[in-house]
Amino acid sequence: MDFPILSALIALPVAGGLAVLLVKRDELALPLSITSSLVTFGGAAWLLFAFESGEAGFQFVEKSTWHEPWGVGWHLGVDGISLLMVVLTAFLFPIALLASTAITHRVRQYAASMLFLQAGITGVFLSLDLLVFFIFWEAMLVPMYFIIGIWGGERRVHAAVKFFIFTAFGSALMFAGILSLGFLVSDQLGGPTFDFVELLGADLTRNAQLWLFGAFGISFAIKVPVFPFHTWLPDAHVEAPTGGSVILAGVLLKLGVYGLIRFNLTLFPKAAVDLVPVLAVLAVIGILYGAIVAIVQTDIKRLVAYSSVSHLGFVVLGVFALTTQSLQGGVIQMVNHGLTTGLLFLLVGMIYERRHTRQISEFGGLATVMPLLAGAFLFTAFASIGLPGLNGFVGEFFVLLGSYLSLPGYAIAATFGVVLAAVYLLWAYQRMFTGEITVEANRGLSDLSVREKIIIIPMAALVVFLGVYPKPALEIIEPSVDAILERIEEQTDYVVPEFGSTGDIAVEVAE
Amino acid sequence: MDLSLSLIIFLPMGGMLLLFGFGKRIGEPGAGIVATLAVVGSFLIAVVLAFDFINGDGPAETVRWFEWLPAFGVEAELRWDQLSALMTLVVTGVGSLIHLYSIGYMRGDPGFGRFFSYLNLFITSMLILVLANNFALLFVGWELVGLSSYLLISFWFERPIAAAAGKKAFIVNRVGDVGFILALMLIFSVFGSLGFDTVFEGAHRGELTVTMATAIALLLLVGAAGKSAQLPLYVWLPDAMEGPTPVSALIHAATMVTAGVYMVARTGAIFELAPIAAATVAVVGGATALFAATIAIAQRDIKRVLAYSTISQLGYMFMGVGAAAYTAGVFHLMTHAFFKALLFLGAGSVIHGMSGEQDMHKMGGLARKMPVTFATMAIAWLAISGIPPFAGFWSKDEILGVVFERGGLWQVLWGVGLVTALLTAFYMTRMMWLTFFGEPRWDDGVEPHESPRLMTVPLVVLAGLSVVGGLVNTPFKATLEHFLDPVFEAVHLAHAPDGSLAWILAAVSVAAGIIGIGAAILRYRSRVPVEDGLGWRLLGNGYYIDDVYAGVFAGGGKLGADWLAFRFDVRGIDGAVEGIGSLTRKAGGWLRPLQTGFVRSYGLAIIAGAVGLLAWFLSRGGI
Amino acid sequence: MAVTPGWYMALAAVLFIIGAGGMLLRRNALVMFMSIELMLNAVNLTFVAAGRELNVLEGQVAVFFVMVVAAAEVVVGLAIIIAVFRRRQTASVDELTQLRG
Amino acid sequence: MVETVVFVIFGLAALFGAITMVWARNPVYSAMGLMMTMFSIAVFYVSNSAHFIAVVQVIVYAGAVMTLFLFVIMLIGVDKEEDRTENLPIQRPLALVLILSFGAAVVVAGRLAWTTGIRNPLDPVNGTVEAIGDELFKRWVLPFEITGLLLIVAAAGAIALAFFKDDDDAEVDPWR
């Protein structure tokens, strides 16, 4: 029975959202939304186990065309790259909702917009039709805007508007890109088409690919965020409520990277190979810049936001180093970053709910009062720094070693980011948790409640599992990544560098 | 074989998890006992497994757990050969003694269970580091050891300086690790694999050019310097004394800091292909040895003297392995583990007796009060000063001998080593004298008393080892050399001289030791001289290098980060984005006055437009 | 020397220019309105002359439509002028500047 | 021959009318001037054999529209002399410049080609009612209907403006 699991994964949150809106009583909103997202997680888990990990192509494909002449239709499919992100989304949402008990006014609308957001994100990851992809891309913006704009902090409207305009500007470019791509290939493929699989067959000229790469690339770069386009992220994170910023950091940023891999690398290989130096430079700047700026932040959420800029710099470097190890590192680091930064935001949210301030100077000596929370924060900080045995290390290790052969200079520069990560996180931990309790208000703070433990334990377990035994996840990613690299090698004269070729070759490359 | 080797790691790991979860419930002595038993268990298994190595060269075995990183061909795999066996024995042996000692030392500390779980975590990570069979797993141990040193240094996190010291240690180690990762990058790009066997055989088959080998070796040196506190990354070790004394003994004397030496010894094949890099290792070692010895002379805090002494002795080991005398380096590593652990534990018992007092100028005349501590520390003092027949003499002499044997410039290094030996003897005698002899300069209300048996027993055992330890590898019967030969047979080893030259060198080094001791006795016999001249303050603060680092890297870094974060990022990029917003509003404002309100000016505009259009059409030649 | 449609068009052009001048220079709303009517008539004349030149009727049909539109315009225009006059007691265009930016 | 004489006479009349319309101080004189121009244009229509248009011109334009104008001039009060002060500084010179450049442009255009489009080779056409009616109701019936609608709208507009004078808000004009 080929039950349309993918469409179900999108429809369930929407149904949940509507149900939450209909139910009148506010206190029912969160439990109902959590159960709905848990059901979706069940579906995603089933999908994870039913997915054959050795396959490169799209699985569970659902296809029905709406508008034949333009080849537009409901075309869903999942492969190595998008599967883990869909499961991560389904995993993060119940946790984010469980962490949003501090939301008091208009809880129903909050829960509903979170569920619509989940539907939008899952739609983006699954849809293989460019127009439907774009619709979900835009649809996802609206609930996020409300989540930041209504339930956010003091300057929430400013942050929400900035976030919206930034992304909308990008997606306008992308829409132009999609349309021109769709009609550009019409002569080759007999009529315009927006279906990703068919577009793979088209052979675009280098010039066209460069323009389209730019259109798609800028929109995704804003989302990632790559270095110059990152200024919306700290504001959006600082003002977003806990649940919102967990999703924003955990999954929303990965849409940009997913887009870069799915569209920019696969559809425009010639342009991708040409623009590798540009993106590598921006990625390395992002790594070092994000980390250095994070060191001196006074607001803990802003610090974690800048750390996301740094970590995603790693991911972009991995993606554009175009070797199988580095690309796998990029994809797995997307999942890892989602978990570690999501957990960091949850912990920061818990502290915020106790003291209603995010200024690091307001804290000090919290470890004596809340040892469990301090321990969890330190654990997550070390995962984020990339301590081996935890998941951050796997991604960084892959990206750094993988990108050495194709981008030696950039990989070496990126390695110094590893030190900076330790600096800003440990210094923040030291200022917040160690030492004497200086501010009186900190003295009476309570340690983790049961609800908070339920949030932390599954994520921590996943962090350790992915760190110690990442093999299953990597086996899911590997075939799809190799397929992309083969396609790049076919379409362009780029050859994926061979690790361990005899010493002399490597030496020339390294010189 | 597989199970038992894995058990060596699983026992302390189990101890760590058990204590981490239920440390508080198991309570005061129980947690300590569980932890100690775990490490002793590992020690016993290691002895059993090492047995077949002793009487003949048993084969090196590997135990495969699971495939960890498929794309890199990295397996979670343990390796059991003579070198790792020796290191395991040292780590678990000295470790269990220190665990036993800690039960006494940490009595009454609220974080008792947590302390022992961290200690077991350290032993586990050190064993992973030592037993790893590929560079990736070595790096895992390498970082986890850094983690446990961070946790243990800032164990009393209520004290801000301890937390800062822990952070500093981790970050400086991390700087070293950057070098290590870069080395891994090069290795993987050259060999396509990180397994020790493939890499070292590839190196032998000539897959490695000299330049690449030198690059890898130098980067590995950076990593080793970070972890073993060599110049220029040594600044974290003196601050690491903020941690409890057993921690200093275990991590910052016996085991963790020697990881760098072990790594250089393990990758001998690469250093062999890069003579320049090996020479650099030796030079760095020599320089650090002399440099740290000079600072140690002027320290007031008993633990800081020992910290700088450790840096200096590690310098010796680096000199040894740099000169391709890997067995000599490892031998000194082993003997140093014994007497330096003893010295630290002795110092801990002194501090324990003096209820927390660490300044030597407030001690004196403790010999009578703490006889066992005094006796055992005296043995360690003689061992480190290189007085035969104690352990220190044999290992240090062998290193000096090998360095002298290499001839040429190496003999300059031998000279440096000799001077350091003299200084070592001097500052150790100074420490002993200030602590145990002369008239008591205690603060009032301080009642020094001997430490309980639980603490003194390990002291005695270590004292015994300090005496016996040296005999393992004397010129007459080089058992250790035979023991380690299979590991190093691929690499051509530099050997100590024998015959008359050996005797002369031995005599010279012993003379240096005795002169050092004599000078110290003469100086401190009658009264404690006031030590605050310019020279003393300069040495006391470690040539102010630490403050220079703080100013340049921390201060400068912070300034740069401040500018980048608040000036460039907020005003620059963010300003640009917000600027676009306000720009559009301003532009709107400029266009406003065009609407004058007068109908006739609008008429004028219309006519002007018409004329313009007409002119344009005409310019294109008719309609 | 036969009269060619060109002459008529030249005359219409002159008339148009006079009308434009009137619209720009006079301040009385009515006179401006009349000048616009004059310009329209000039255009009609051009249409007819062109129609005659090309022997087609479209010229005159166009004129017919122009006239209809002009009529509608006058009706509404004058009504506005009256309404404004009743409110402001002036027909001078320069006083009516409330609708500026 | 006759046509040139007619052209000259009525051309001058039209020009004279136009100038008086622009120059006259009193709006009534300018209305008269415009009427004269319209009549001379009607004559030109006749000389261009556009008879129907000429009649319509006389009836609709010269007749209805001009009387409407005169009616409004009377309503507004004809005696007020306009003050000649020009308060828009750049209006006058710029207007003159534009007018002259417009004239120059027309002259240049004139030399190129007065009319564009293809000549209809058939015999010269004359604007009798039948021809115009035929043309109107065959090819141009749609615009014809739309203009009908336009006229209704215009009428309704004028009535609305006249009737709903809300005299309650004799509000004070803030800019006064």
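Order of writing sets the labels: A, B, C and D. Residues in every chain begin at 1.
One rule holds in what follows: a residue touches a chain if its C-beta (ideal position, glycine included) is under 8 Å from a C-beta of that chain, and two chains touch if they have at least 3 such contacts.
These figures come from a predicted structure and were not determined experimentally.
Chain pair with the larger contact count among A-B and B-C is A-B, by C-beta pairs in contact.
For the pair subunit A and subunit B, the distance between C-alpha centroids works out to 37 Å.
Subunit B and subunit C have centres, each the mean of its CA atoms, that are 96 Å apart. Subunit C and subunit D, compared by their mean Cα positions, are separated by 4 Å. Subunit A and subunit D, compared by their mean Cα positions, are separated by 69 Å.
Among the residues of subunit C, those in touch with two or more other chains are 20, 24, 27, 94, 97-98. Multi-chain contact residues of subunit D (touching two or more other chains) are listed as 88, 91, 95, 98-99, 102, 106. Multi-chain contact residues of subunit B, defined as those touching 2 or more other chains: 598, 600, 604, 607.
Chains touching one another form the pairs A-B, B-C, B-D, C-D. Those residues of subunit B whose C-beta lies close enough to touch subunit D in the complex are 598, 600-601, 604, 607-608, 610-611, 614-615, 618, 621-623.
Across the complex, subunit A meets subunit B through its residues 162, 166, 228, 230-232, 289, 292-293, 295-297, 324-325, 328, 365, 367-368, 382, 387-389, 393-394, 397-398, 400-402, 404-405, 411-412, 415-416, 418-419, 422-423, 426-427, 429-430, 433-436, 468-471, 474-475, 478, 498-504, 506-507, 509-510.
Subunit D makes touch with subunit C in their complex at residues 3-4, 7, 11, 14-15, 18-19, 21-22, 27, 30-31, 34, 37-38, 41, 44-45, 47-50, 52-53, 56-57, 60-61, 64-65, 68-69, 72-73, 75-76, 82, 87-88, 91-92, 95-96, 98-99, 102-103, 106, 110, 114-115, 117-125, 127, 131-132, 135-136, 140, 143, 147, 150-151, 153-155, 157-158, 161-162, 165, 173, 175. Contact residues of subunit C toward subunit B in the complex are 20, 23-24, 27, 32, 93-94, 96-101.
On the subunit C side of its complex with subunit D, the touching residues are 1-3, 5-11, 13-15, 17-22, 24-28, 30-31, 33-35, 37-38, 41, 44-45, 48-61, 63-65, 67-76, 78-83, 85-86, 88, 91-92, 94, 97-98.
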